[in-house]
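The next block holds one structure in the form of structure tokens; read it before the comments.
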Amino acid sequence: MTIAVTIAWAFDALLAATVLAVALWTIVTRETFAAVVGFVAFGLLVALVWVRLAAPDVAMVEAAIGGGVTGVLLLGAAARLRGVEAATAAEWPGKTLRLVTGALCAAVAAALAATMLLLPDPAPTLAPEAAANLASTGVGNPITGVLMAFRGLDTLLEKVVLVLALIGVWSLAQDSQWGGLPGPQRQAQPDQALVFLARLLPPVGIVIGVYLLWTGADEPGGAFQGGALLAAMWLLAMMAGLAAPPPVGSRRLRLVLVAGPAVFVAIGLAGFALADAFLAYPQAYAKPLIIVIEIALMLSIAATLALLVAGPPERMPPR
Amino acid sequence: MAEFLLAAAGFVLAMVALGLVRILRGPAIADRIMAAQLLGTGGIATLLLIAPATGMAATTDVALSLALLAAFASVAFVQGTSGPDDPEATEGR
Amino acid sequence: MSLALDILSVLAISAGAFFFLAGTVGLLRFPDALTRLHALTKADNLGLGLVVLGLLPRADGALGALKLIVVWLLVLVAGATVSQLIARVAQRAGPAP
Amino acid sequence: MSETTLFGLGASALVGLGLYGFVIHPEPLRKLLAFNLLVSGVFLLFGVIARRGAAVGMGGDPIPQALVITGIVVAFAGSALAVGLLLRLGQKTGRATLRDVPSPPGDGTTS
């Protein structure tokens, strides 16, 4: 028993040290592109930490969004900003300022660490309440229960935030390009190996994404995880030139983008009539309703995430 | 057995963490991408080994999504390296 | 029976871990990008493959086993293609200074 | 030292590290990168608190975990908006920093 504990502790210590080392390197390295590569590695390691914290649901989201999609977003930005004039030495703060900043940041970290150590010992938890009320939602995964039922309003508003962010990104387009295709022109002759991968991977990815949505009702997984995977697969096809991004003016695209929040709101409003409040589900239909919302959400999440990475419209569709 | 699996997971993690020194040293961007690729594979192996060691079956699903996303990220790295001529082609207008 | 399977697991996983060691040593010690790539693919294909082989007897049910194999195949295919892409990047950059 | 303490201390250090990078880097993209590290640290603190609340057969308190899932998605939306803004900034000014261009007016903006 003690051996197992020691090994587990050594594993966790190694993991924590590696995460911090990669984070430090990401901050101090000179080259931006290399720092982003470090950031993707960081995201992957943080997903491992989430597994060690017994939160596989979060680990999936972190792996998909934290490392994967955010990484690709920042990589694209780093690549496109490469031709742009970088900061000069004069813009770096001086040594004194850096030392003072370092000391202040260390103080913030120390305060957080102290708070961490002084937390009350029988930790307060809502797990028993969640477990007690989970049966009324019909789903078996407590995280899905929290996201879709207990704190459904948070999830709904978060979807609205996603759509607002996309509107924000699109509104950065030049007037002449409004309604056009997002992202820069891709070269016409992508690598054959890349095309092969982009043909092979998306079907598998779609199956796994749908599987994660389906299993998310009772096991770790759900609309976020599935949607992020679908977004990654769509982006992969776009990178290989197999799928053109849709013009942002497309009505069908906009329908997909708002489908998730719209279905959520509609079922939420129906809650006034069928149950007793906004976003309340009638008990007998709770699980099917949650799954319907999740399917719509997954499609909207996938489309929104991919288009957020693709960026504002920059060229008109070829006519 | 659980101890062995966890120890093996720790060993693989230690190895790929050592491999990260390549991200640090470079020198070429290809070397950095390789280190990230190795970390991806090693991370997946670590997850697969942790799953039976801790009895959290969902860990395998994490590995599954990671396997897809590691490939995706590597492709994006390679695309990013061919970036410098990309913006000029579009911004030149 | 179960002892034999356990021994198989331990052997395969140890061998897999060894290939990760070899991959890392190669990545750190080999002189140029293409030989490093060679070392990396060994870890990708054989290291993970052996780990999966060792874990198969312990998989929970057919679905668990299927997932393990799918993970391995995904990494195999992605590894093979991405290695090609990386090799092209390394070539374009020429020998590193 | 238990695993939650270990990861809690690590997450605190991560917040400090991210904050430092956020303040010190002159380039907005690097600031964004550092900010993402900071955010990861905050989320991990949530995760540690969730893990401490493990009860009734659950590995952790599901409420903070669900909050973090929401948070990761919102953080991504924010990052995407920020990237859009700074790519536009790069297009407009030809520079990758936020500092005002001291050169004669019209120099960096007429392209």
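So that you can tell them apart, the chains are marked A, B, C and D in the order they are listed, and the count of residues begins at 1 in each.
Operating definition for what follows: contacts are C-beta pairs under 8 Å (C-beta built on N, C-alpha and C of every residue); 3 or more make two chains touch, one makes a residue touch a chain.
This is a predicted model, so every value here is computed, not measured.
Novice: For the interfaces A-D and B-C, which has the higher count of C-beta pairs in contact?
Specialist: Output for the comparison: A-D.
Novice: Between subunit B and subunit D, what distance separates the C-alpha centroids? Give it in angstrom.
Specialist: 21
Novice: Indicate the whole-number Å distance between the mean C-alpha point of subunit C and the mean C-alpha point of subunit D.
Specialist: 32
Novice: Go ahead and note the Å separation of the Cα centroids belonging to subunit B and subunit C.
Specialist: Subunit B and subunit C have C-alpha centres separated by 12 Å.
Novice: Please list all residues of subunit B that touch 2 or more other chains.
Specialist: 26, 29, 33, 35, 56-57, 61, 64, 68, 70-71, 75, 78, 81-82, in rising order.
Novice: Would you mind listing the residues of subunit D that make contact with two or more other chains?
Specialist: Those would be 59.
Novice: Give me the residues of subunit A that touch two or more other chains.
Specialist: 8, 36, 52, 54, 57, 76, 78, 80, 194, 197, 201, 204, 208
Novice: Graph of touching chains, which shape: line, ring, star, complete, other?
Specialist: other
Novice: All pairs of touching chains, please: list them by chain label.
Specialist: Applying the touch criterion to every chain pair yields A-B, A-C, A-D, B-C.
Novice: Residues of subunit C touching subunit A in their complex?
Specialist: Checking each residue of subunit C against subunit A gives 70, 74, 77-78, 81-82, 84-85, 88.
Novice: Mind listing the subunit B positions that touch subunit A in their complex?
Specialist: Counting only subunit B, the residues touching subunit A are 2-3, 6-7, 9-10, 13-14, 17, 20, 23-24, 26, 29, 32-33, 35-36, 39-40, 43, 46-47, 50, 56-59, 61-62, 64-66, 68-73, 75-84, 86-90.
Novice: Under the stated contact criterion, what part of subunit D meets subunit A in this complex?
Specialist: Interface residues on subunit D, with respect to subunit A: 1, 3-21, 23-27, 29-30, 32-34, 36-37, 40, 43-45, 47-63, 65-70, 72-74, 76-81, 83-88, 90, 94-97, 99.
Novice: Applying the document's contact rule, which stretches of subunit A touch subunit C when the two form their complex?
Specialist: Counting only subunit A, the residues touching subunit C are 191, 193-194, 196-197, 200-201, 204, 208.
Novice: Using the touch definition up top, name the residues of subunit A that touch subunit B in the complex.
Specialist: Listed in rising order, the residues are 3-4, 7-8, 10-11, 14-15, 18, 21-22, 25, 29, 33-34, 36-38, 40-41, 44-45, 47-48, 51-52, 54, 56-57, 59-60, 63-64, 67-68, 71-72, 75-76, 78-80, 82-83, 184-185, 187, 194, 197-198, 201, 204-205, 208, 212, 215, 219-221, 225, 229, 232-233, 235-236, 239, 314-315.
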